[in-house]
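Each chain gets a letter, A, B and C, in the order it is written, and its residues are counted from 1.
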Amino acid sequence: MLTPPNAAVAAKAATYQGAPAPKGHYRAVYQLDSDDPKLISKTLHNMKNALEDPRLKGKLELELVVFSGGTVAFRKDQPYEADVLALQQAGVVLAQCQNSMKAYKLTKADMLPYISIVPTGNGELIIRQAEGWSLVHP
Amino acid sequence: MLTPPNAAVAAKAATYQGAPAPKGHYRAVYQLDSDDPKLISKTLHNMKNALEDPRLKGKLELELVVFSGGTVAFRKDQPYEADVLALQQAGVVLAQCQNSMKAYKLTKADMLPYISIVPTGNGELIIRQAEGWSLVHP
Amino acid sequence: MLTPPNAAVAAKAATYQGAPAPKGHYRAVYQLDSDDPKLISKTLHNMKNALEDPRLKGKLELELVVFSGGTVAFRKDQPYEADVLALQQAGVVLAQCQNSMKAYKLTKADMLPYISIVPTGNGELIIRQAEGWSLVHP
């Protein structure tokens, strides 16, 4: 049977305010591989929130890896462009999977001009983590 | 053309019983950012299963990071409370994103009393992984 | 107000072609925990693409950890067998969560003969990352 947590435990929880961030630099790769409009917007806003976390502000390097259905977010003439552009201007690397472009028969001319193209999104996620980058997949 | 795996390969697979866990301590951060009831229940049960994995039993430290739609799981008067409480009593840190609370106009009084509040869920995931914690996002 | 990125930024993006992969060996664990047919196919094809990424070709070790709803992918008589078999023949370890088999009342006889059974999928993901493996959850 479960018993309610006691006062000591509640007090301990009340004092925890998140992991401290003593390092001078943090790096994270975000994965966007869905064409669900809600998930695309959420991913872009999550990245903005991470950049503004007071623990990480000014020392967080981000890369957004887009593949599969997520590819729509880096196309021209889509509703996410203002958010994508804001991330780019905040220094985020925008990495588009070339494999996915081929699958959707897209060329560079179909895509936003300020993105970068990488061989595969999966490979990019694997290599970045092997270099110590954190992963977030909203 | 594909050929069926031979007996040697099948025998090798039969002998693999999972990665050994030689370290004295393991740490993992779980991500819960959806209000899908099935996914919330799954996440809570996955954490219970991880704690009971015979390879990790007694040496696994867990933190559950809740943000975005997942915030419902840490509110008062919701159907997940027994499972959340069981995790808390098993020593799991329950970390709620403050940004998400603001977005949903929630105050501490709306939330379970034994949770911890962190600046952003995204920042918490990034910092924990940079410290060597594993990530699980069911 | 947002301003369009300038030519210098666009030029920098154009030169980024993905993270280099200087290490001699890379390891990644893939998570498959959904019975959504599209997601199962996507996961299996993502792994194939990662193995063929020119940066990682011939030096990428993969393990596919299946649990929860994903368990269907390792059952006999399902539509994913050709893709699962192709991964197995490419050297991918196929790790099935034993907990999930119990939950679905499945025995070894119900499963593909060349898979491996591990205590829990969650534990496997946690231990592998603690050993330095990258995580991909399509």
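Keep in mind that, in the parts below, a contact is a pair of C-beta atoms (placed from the backbone, for glycine too) under 8 Å apart; a residue touches a chain by one contact, two chains touch by 3 or more.
Predicted model, so just to flag it, every value in this text is computed and none were measured.
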| item | value |
| --- | --- |
| Proportion of interface numbers common to chain A and chain B (over half same, under half different) | different |
| Fitting chain A to chain C on CA atoms, where both chains share a sequence, rotation angle to nearest 5 degrees | 120 |
| Rounded Å distance between chain A and chain B, as computed from the means of their C-alpha atoms | 19 |
| Residues of chain A engaged with two or more neighbouring chains | 135, 137 |
| Chain A-touching residues of chain B, taken from the complex the two chains share | 31, 33, 68, 82, 85-86, 88-89, 93-95, 99, 113-120, 122-131, 135, 137 |
| Touching residues (chain side chain A, partner chain B) in the complex | 2-5, 9-10, 13-14, 16-21, 23, 26-28, 42, 46-47, 49-50, 52-56, 60, 132, 134-138 |
